[in-house]
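Scrolling down, you'll hit the structures one after another.
Next, two complexes with chain A in common: one pairs it with chain B, the other with chain C.
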Partner chain A sequence: MFKLTLEKEWLDAKRQGQLWWLCLIASLLLLLACTTGWQSYQSYQNDAKEVAQQEQKRWLNQGEKGPHSAAHYGIYVIKPALPFIAIDGGLQAFQGNIVRLEAHTRNDGLFRTIQDNLPIARFGSLTPAFVLQVLLPLLILLIGYPMFAAEKEQGTLKQTLASGVHPMQLFVAKCCVLFAIAFALLLPVMIYLFAISFEQGRVTTLVSRSAGLAGVYIGYVGLWSIVTVAISCLLQSTRRSLIVLLTLWAFSTLLVPKLAMNYSAAAHPLDSSQAFQSRLKREVYTEQRELALARFKQSLLQDYGVNSTNELPFDYAGARLQFGEQYADAIFDRLFGERLEQLQAQSNSYFLASLLSPMVAVQSLSMAFSASDFHHHQHFLAQAEQHRRMMQRVLNHNQRDNAHKRHGRYVANLELWQQIPKFEYHPPAFKALAHHYRVNWVGLILWLMTALLLGAIAVRKLTKEPLR
Partner chain B sequence: MKRLLISTEFKHLCREKVTFIIVIFSAVLAILAFFNGHLFSETQSKVVKTALQSQQDSITTAATQLPERLSTTEPVNWWQDRYDLRAQAFYVMLNYATKPPLAQSPIAIGQADVLPYYFRMLVQEKQQVVQQYDYVHPLNLLLGQFDLSFVLIYLLPLLIIGICFNALSNEQHNGQLRLFLLQGGSASQLLTIQILLRGAIILIPFLLISNLLFVLVRPHIDPAVLLSFTTIALLYCCFWLALCAWVNSRGKSAATNAAILVTCWLSFVVVLPALINTFITHANPTPSRMQYLDSFRAHTDEAKKAAEKTLAQFFQDHPELANANGSRSDFATKKIATISAVEQAMQELDVQYHQIQQAQLDKVMWLKYLSVATLTHSMLVELSGNGLSRHTAFMSQVQMHHQALKSFFAKEIVKANQNGDFSPCKGCNARPTITDLSTLPQFDKHFSTPNVSFTPLFWLILLSMLLIYSTFKNVCTLTRPQATGRRGGHID
Partner chain C sequence: MHTQPKRPVIQIDNLVKAFADQTVLQGLSLTVNQGEILALLGPNGAGKTTTINCLLGFLSPDKGRISVAGYCPQENAALVRQQLAYIPEQVALYPRLSGLENLAYFSKVAGVKVADSDFRALLEIVSLPNHAMDKPVSGYSKGMRQKVGIAIALAKKAKVLILDEPTSGLDPSASHEFSQLIQRLARQGVAILMATHDLFRAQEDAHRVAIINKGQLVDTLSYQQLQETQLEAHYLKHIKVGA
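Now for the complex of A and B:
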């Protein structure tokens, strides 16, 4: 009986004039989005590889110079991208993906792509994530809004139910048909996800991310399918069903995300970069620093039982530089940490909106699985900072241990530059950052449960339908 | 008849709960959007004020602490000495180039949250100066600001669709249209009154509240700007009302009308702008900033390796500085020469970026006409002073200011070097070479802002007129006796 019901529903859906052209438009948009997404990923990755190699070459071939000059010369590191950014570029264009690692300074990312774009870019780009998160639910509701409501208006629902079909079966059949249509559009994206996972070699990392990404979107499509059919069943006319569903969609995708983020930014305000930079300068280069340096010098002289730094068995300037770095690092940790706390508070506050909008939950999880969200970026910045500190340590220690042995100015060479390993960044396994996204998971699960509850209410109402 | 129609329609609307919900919603949206935009602009204004205040404070502090510096015998690091030209040029100078938001900024934040609106100027490569930006949560940039332009472009059309999609079809469905026509009423008049009244319910609270808030909260706003904003909003909504009228006049059911109108909204407001953006960025892709950085590094290395050659080239370009310099050029002059050399070498790439942006702009100029949303957005962003025109003017001024600072320091540093101010004797402090910081070139805030072009409004008017004309033609066909029977029957 269920199979018959399913066939009937499929036939009904096929007869809907708008089904084919809506699916056609959605497929074309998705195809276009995937193609451009893939192109952007390829070009980004090629540039990142090429420039990172050039930068490494430059570092190694910088010639003979003092280690501290090399520390100031520094190196630029670039955040590599996972192939998932072809599906969901997330915040990739909105944060600087290049960081300069140099002495005395902890820098923010450079060159945000969005800064080079025209104002029209704020309407958004056609990416697969945009199609899946914003347009696919709309497609589902435009196909699904008349599923029950139209039958009610035409009076055929009572006939169908009188023929012995169980209301639950009818409801599930309609949901299945709607889900199948949406899933057909999702399928190429999923094939792409798994194909790249196996092609790239890092199977375990990528497959788990692919599976997560696919699971989230399947849940999202399922959620909208159930909600659409349930609303169509609960309301008496196609008109009301369409209006309610559209209102839900507009709230979920347009209003809630924007308002939630604007609220989060206002509730947890950040200092301007101007204020932050001047605070950094103010707090690093203080009298306390001078005193700390003097104390450091005094303790060295005492420890080694000498009267002047020239008598120390190492180069004092190198030791002083390293002490200065460590002194500044402690302040960087505090100030950057405070800023990060505010930023995380903004993220967490925004994530809470997952409870109001399934799109917020799905968008956040999708970016997370694609490694293109805020937390993954912070992970990259933290790794870059660790690399910077290691670089400074190696260079300063080299000066400390060798500069006093030479007469005149000490210069280091390729041997030292080679001691600094190339910065190789790999995004962490999803598990490592999973704790940040608990609210999103809870939000998505709650939304799925709400949809199922709504479905149950709809079926209950349907059971009473022939009695009316 | 007309009055009767208006009052009947008005009563009918008042009876519906949804009308009140929509009026309240429209008012709340206007208030929220205004205050969000206002808060954003206020934050930027505060940052600009703080920056300028710190600049002023540094001038005052330098003036008051000068005697202390002149009398000191303690060793002073030149790179930390605010009275040393070299320290000012490369490290400690507090000199800001700022673009404060205009009074009308809350209309449309546009790219104002992305583009830099202040720069701390130092003598360094201009490529480094212009890459500064204000750090905000990237999610905030992805999602954009909830401002008046967002409400106007995205939400008001949805509200208009929500209230107008069943304008004539309701009467057709109930059979009231036939009765109305038999009494000598005009269907086009009915449709016009229905659409205009419903539109007014949404537009009047939005425009009244937003204009009132501007007058109360941002009193410096130019009335002409408010008039322009109101005109743009009216014409944009006029288009949507005309579209609703046209769809309704086709005689389909209310649900079909709603589906068609939502598809139109989706196309004009969501899909087409995204498609145009994708097309532009792929037709004229902005060169990779990574490659740009690579060139920058390569040119910097080259200029540093050829330091003497670079310096010679610098003096060749600035013979006025070379006269008495002889062979004794200090670190600062070499640094400025290197900066100039790198800037010159990077010029080709900068021009390339500029050309590509211009090519993208040229495409947008035409493609924006495909969607009423992009058309309206471009006008609102320019009107609010957060568009590219004002930003480009600001950036030109920043570059001129950067050039002025560089020339000032180059000249003064060479002079001080010739006087031996940087090393008056072995082991002693450098002489103060800049004692009055107010003599430093200051940023000229009065950069010109090109006027907003209202030509696209004619396109909006034309589209609306075409829709209205077609609507009247449809209504005539719809109300012909045979058509009323046939199509009315089809609807029922």
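Now for the complex of A and C:
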């Protein structure tokens, strides 16, 4: 009986002219968004590869110079992207994906992609994630709002139930039809996800991320399908059903995310980037630093039982530079740590809106699986900083160990530059950062449970008082 | 022309149903026997449709008992609905599906195991034009929809047929055709409850007539009495008395 009901629902749905138009429009939008997303990813990856190669070449070919000059010469590292950004670019364009690694300074990300965009880009861009998170629910509700309500108006619901169809079967069949239509649109995206996972070679990492992304979107589509059919079942007219569902959609996909964003920014305000950078300089270059350096010098003289730094068995300038780096690193850790806490508080505050809107939960999880969110970006910045510190340590130690032998005229060459390994960043396995997204998972699961509860209420109503 | 009534298939005993501000049924009792056509007459608001909704299990009575083909609709709605066919004033069919598809769907969901080719034969039996069978029902006249409704009842081999204003809006020819079809079902042993305002059809087709007003049974006329009575005058007398 279930199969029969499903076949009838499908036959009825596919003969709706509006269904094909809506699906065609959604498919075209998704195709356009995927094509644009793929091109952006390819272009970004090509740029990233080229920049990484050029920088490595520039570093190795810098010629002979003092190690500290090389430390100031610096190197730029770029965050590689996973192919999932073709689906969900997340914050990729809004974060600086290039970091300059140099002496004495911990730099933030530079060159946000959004800076290169035309002013018109501020009106929003069409990405597959936007289509899936915002437009697909709209499509689902536009197809599904009359599923029960119209049958009540036409009288076919009474006729169908009078034929002996179990309300639960009828409800599930309608949900399945709606889900199948939405899933048909989702399917090409999922094929793309798994295809790139296998094509890229890092199968384990990418497949698990693909499966996560697919699971999140399947849950989201299922949730909207159940909610749409349940609302249509609970209300008496197609007009009411459409109004309630549109209100729910606008609340969930437009209003809540915007309000949550504004609230998070207001509740956890951040210093501007310029203010933060000047604070960094103010807090590093202080009188305490001069005192710490003096104490360091004094302790070296005492430890080696000499009166002058020239008598030390190594180059004092190199040792002083490394001490200065470590002194600054502690301050960087504190200040960047505070800033990270503020950013995390903002992010967590926004994540809480997952309890009010399934779209916020899905948006956050989609960005997380695509490695294009705030937490993945912080992971990249932390890795870049570790690389910078290693680089400074190698250069400073080299100067410390060699410069005194050349009486202050020490220059290093390719041999030293080659000792600095190439920066290679791989986003972590999802589970390494999974703890950040607990509230989003809870939100999505609660929404799914709410949808099922709403479905159960609708079936109960259909069983007990189908005509009301 | 009329067969003798047999065992009761529909039994309504002292039915009471009230909505928020109004008691619609006040102790209504009725029976419809196997192979019998009972016409249920009454003015608007008399409680005809509420009675039907209780029989279909869509409403639960506040008091009283109902039995349809041996089952209580409120307790065994699915079983009851498999035994009966229901044809409302406007036969509700899926407008985008053809008559044939509607027939197949409504029959199969009721558990009928009929070959697809037999559905076409059933539509031929109820005289639905051949060219219309595969066309969407949205283009059907009311009479054509009624025929599909009857075909569903035939396919289901329903023991009970419930009709709510079945001839309202039909032209005399379609009404006559419809009458022939339900007579045929009655001869096959189907118990038919027909709620109607059409006194002519009631007198022509019914074995018995029950007149209700304000949720109460005010009179019943046997087949014999029907032949000897001016139904319209009788009906109006009861309605005026009740008013």
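Here, the second predicted complex is superposed on the first by the 460 of 468 C-alpha atoms of A that agree within 3 Å, B and C clash if a C-alpha of one lies under 4 Å from a C-alpha of the other, contacts with A are read in each partner's own complex, and residues count from 1 in each chain.
Going forward, a residue touches a chain if its C-beta (ideal position, glycine included) is under 8 Å from a C-beta of that chain, and two chains touch if they have at least 3 such contacts.
All values derive from a computational prediction rather than experimental measurement.
Trainee: With both complexes superposed on chain A, which partner does A:166 reach: first (chain B), second (chain C), both or neither?
Mentor: Only chain C; A:166 stays clear of chain B.
Trainee: Which holds for A:278: it touches chain B only (first), chain C only (second), both, or neither?
Mentor: first
Trainee: After lining up the shared chain so the two structures overlap, which partner does A:238 touch, if you call chain B first and chain C second: first, second, both or neither?
Mentor: Only chain B is touched by A:238; chain C is not.
Trainee: In the overlay, answer first, second, both or neither for which of chain B and chain C A:155 touches.
Mentor: second
Trainee: Where does A:76 make contact in the superposed view: on chain B (first), on chain C (second), on both, or on neither?
Mentor: First partner only.
Trainee: Return the chain, chain B or chain C, that is in touch with more residues of chain A.
Mentor: B
Trainee: Quick check for you: in the superposed arrangement, does A:130 touch first (chain B), second (chain C), both or neither?
Mentor: After superposing on A, A:130 lies in contact with chain B but is clear of chain C.
Trainee: Between chain B and chain C, whom does A:4 touch in the aligned arrangement: first, second, both, or neither?
Mentor: second
Trainee: Which positions of chain A sit in both the chain B and the chain C interface?
Mentor: None.
Trainee: Could you pull out which chain A residues touch chain B in their complex?
Mentor: It comes out as residues 18, 29, 32-33, 36, 39, 43-44, 47-48, 50-51, 54-55, 58, 62, 76, 78, 90-91, 94-95, 98, 108, 110-126, 130, 134-135, 138, 142, 145-146, 237-239, 242-243, 246-247, 250, 254-255, 257-259, 261-262, 264-266, 269-270, 272-278, 285, 339, 343, 346-347, 350, 374, 377.
Trainee: So in the complex, which bits of chain C are touching chain A?
Mentor: 53, 56, 58-60, 77-78, 81-82, 84-86, 88, 90-97, 101, 105-106, 108-111, 136, 152, 156
Trainee: Per the contact definition, I'd like the list of chain B residues that touch chain A in the complex.
Mentor: Residues of chain B touching chain A: 32, 36, 39, 43, 47, 50-51, 54, 80, 96, 110-111, 114-116, 118, 120, 131-146, 150, 154-155, 158, 162, 166, 253-255, 258-259, 262-263, 266, 270-271, 273-278, 280-282, 285-286, 288-294, 297-298, 301, 353, 357, 360-361, 364, 368, 373-374, 377-378, 381, 387-388.
Trainee: Would you pull the chain A residues touching chain C in the complex into a rising list?
Mentor: 1, 4-5, 8, 11-12, 15-16, 154-166, 463-467
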